[in-house]
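As structure tokens, the structure follows; a few thoughts come after it.
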Amino acid sequence: MIKDKHMPALQGMFPSWITSCSSDGEPNTTVISQIWYVDENHVALSFQFFNKTKKNISENPYAYATISDPSTLKQYNLELKFDHEETEGELFDEMDMKLQAIASMTGMTGIFKLRAADVYKVISISE
Amino acid sequence: MSVCMDKISQSKNELENIKILLDRKSKEIEIIKQISNQINKSLDLNLIASSMLSLMNEFFGFKHSMILLVSENKKHLNVLETYGYEKRGIGAKVEFGVGVIGIVAEKKKLMRMANLGMQRSYMQAIREQVQITNKNKLQDKVELPGLKNAESQVAIPMLIDNELVGVFSVESEKMNIFDKSDEILIGILANQTASALENARLYQLEQKRLKELNKAHQELESLNINLEKKVEERTSELKTLSEKLSKYFSPQVYESIFSGKLDVKVQTKRKPLTVFFSDLQGFTELTERLEPEVLTELLTQYLTKMSNVAIKWGGTIDKFIGDAILVFFGDPNSRGDEEDAIACVSMAMDMLEELNKLRISWRKKGLAKPLNARMGIHTGVCTVGNFGSEDRLDYTIIGNGVNLASRLEARAGINKILLSEDTYLLIRNKIICEKKEAINVKGISYPVQTYEVVKFSQENDNLIERNIPGLSLSIDKSEIEDNKIAIKVVSEVLKDLKSKS
Amino acid sequence: MIPNLTINALEQGLGHFGVSSKNNKTVHVDTLGVKIDNIQSTLTCFVINSECKNVLQYLSESGRVSFFVGMISHEAYNFKGQFVSSEKLNNEDLNISENYRNNVIDVITSVGLSKDAALDKFGKVPDLGITFKVDKVYIQTPGPDAGKEITNSETK
């Protein structure tokens, strides 16, 4: 589902935005710094601390996200369904690396912890 | 028909795409080749690094980049070369695990950071929050080499066999740097550079080691030379010292000490020795009459001559006491009691002859009064060895035997040798003696029978020696060329003497 | 209702308009300008109809809105509320949108994004206005107050 052309939009070079929904139907639209490529059919979000999106997902696994190619500003919309959490492995390490790099530059080593890599199944991707 | 056209168009597109891909691949290979060539030309670390960085700008438009190398202790990185920065920042340090470069070094994985501005502000905002609640958990912000306001950064580990050699970092104030498809190519180039840098580093290390080796070699050589010189100097010093010392020892004692046969400590033994005593009659008066220099010269001549004789016969010179001489035979070396005794008496006789010659030469020099010797010899058990304290030793003999020899000397006639019976019994087969009176010696319960030396059993009849107060007669018939003249001389003297009485 | 402190962001930030369906499915669309009514109780978001996919559909089902605006400086707010109506845009609206879009293009090119890309995205003229009543406003700026609701006492 995810193709080569989508890859530049999954580098974290331009923010993404995601809309989730609580069990009682209230939508929540917010901006996140990066949606990570996992494989053809999966993407991931980093989970650092509890927020509205995480809460919503725990009640309702469906979400809608938009990623942008930083050089063309072309957008791709993804329908997502939360699949599982990962607390170790390559994906987690990659996310963690990035987090640590920034944290260390702002003197925040050890404060910012990556709790998990939240993996979502890509139901559809459209332009 | 239109389906056909579509298909053709599609194929055409595909061909186009393949062509573009091929072109791209060719270009990539070309880039690899060029950069490879350039960086492998040199063994200079800095040159390799700066070539690589400027080529990266040429091919990829990387305006700000740097290469860092892992430190010797493998705990941090140091900036080797930079490109496109105002301050070159060479040598700046980055700890493993800090910042993009530090994390890449730690994890040995490529990392791409974009939107740094947003992420920094985000972190900064969080930091402010933490400041309120948990200040002590915060660390100081780190000053890292690079652009202050980089928006994007890519750091690539430079590996050889999965060992980290360094990190290649590219920054930009713009948000986008390069394609993911370029990632592989740049990874290849980074590792190529790693190889070239490692080669250069090893080469430098090799050169350094070689230099150190040469230096060490030279130092060793000069050390050797110095050592040799020192040894030479020391040896010569020792030689001089030992030569000086030897003058204070009897040669046999000296020899014994140096050969190690004689231990330098308080140690004595009792053994039979033949002891010789002599002194000069009338010497004391001379000391009052002569100038010190003349006296010293006289004494030196005498003692030197007598020493030589003693050494010649193998005697151990114990000491000089002014004009008195003490010599003993039988220690440290012995040829047997009999031989030692014979040697001692022979030495004494030889000494008398030498003294006679000296007398003649002194008279010529103006010494009116002739010097005469008295000698005493005894053979008996004495205690011999190193006497004294731990720090000051004297190799000498003590005992009744020594006393007796000295008493004999006192009782001897002018220019005569007086022997004890013990000595006489040992030498009587070789040397003719005249029996004299027995004397009483303190410390010896019985009276000691004495004998006076006359001559060797087969004496040389060529020599005539007569000495009385006022008369010193010495004739060596073997030296007389014309006997008639000799007779004439003696006759004239006789005539003169007769006229006086 | 709409706090004064959010006005700057509304006028200059990037906006994302999100809605939910009766089955709790979600969708969103980007806005190209915003109009604040004169009593500051509703917002009209300018969008392109063809990009709206299921937005209007979902609005008709539940009518619940989450409208996020964020500045390049990361100052951001979330406006939650109830759908009111959708209508064509008048000249005033188009003017607001044009000014907004020109400003955004300037801002994002200043941070290094391509001018062409910016024009591509923000050069399009919106053709639809979606109005919703604002019930609650939350601070979304990363920091100590993130997630906090801006209450009545702070609206002025």
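A, B and C are the chain letters, set down in written order, and residue numbers restart from 1 in every chain.
Here is the rule we use: contacts are C-beta pairs under 8 Å (C-beta built on N, C-alpha and C of every residue); 3 or more make two chains touch, one makes a residue touch a chain.
As the structure is a computational prediction, the values presented were derived from the model and not from experiment.
Looking at A-C and B-C, the interface holding more C-beta pairs in contact is that of A-C. With centres taken as mean C-alpha coordinates, the chain found closest to the middle of all protein C-alpha atoms is B. Chain centres here are Cα averages; for chain A and chain B they lie 77 Å apart. Annotation: 22 Å between the Cα-based centres of chain A and chain C. The geometric centre of chain B is 93 Å away from that of chain C, both derived from CA atoms.
Those residues of chain B in touch with two or more other chains are numbered 118, 122, 126, 175-176.
Residue positions 113 of chain C each touch two or more of the other chains.
Contacts with at least two other chains are made by residues 14-15, 70-71 of chain A. On the chain A side of its complex with chain C, the touching residues are 14-15, 17, 19-23, 25-31, 51-52, 60, 62-64, 66, 70-75. The touching residues of chain A, counted against chain B in their complex, run 7-8, 11-15, 33-34, 70-71, 93-94, 97-98, 100-112.
Residues of chain C touching chain B in their complex: 72-74, 111-113, 141-144, 146. Taken in their complex, chain C has these residues touching chain A: 16-20, 22, 24-28, 30, 62, 64-68, 70, 76, 78, 80, 113-114, 117-118, 120-121, 140, 147.
Touching chain C in their complex are the following residues of chain B: 117-118, 121-122, 125-126, 128-129, 132, 151, 172-176.
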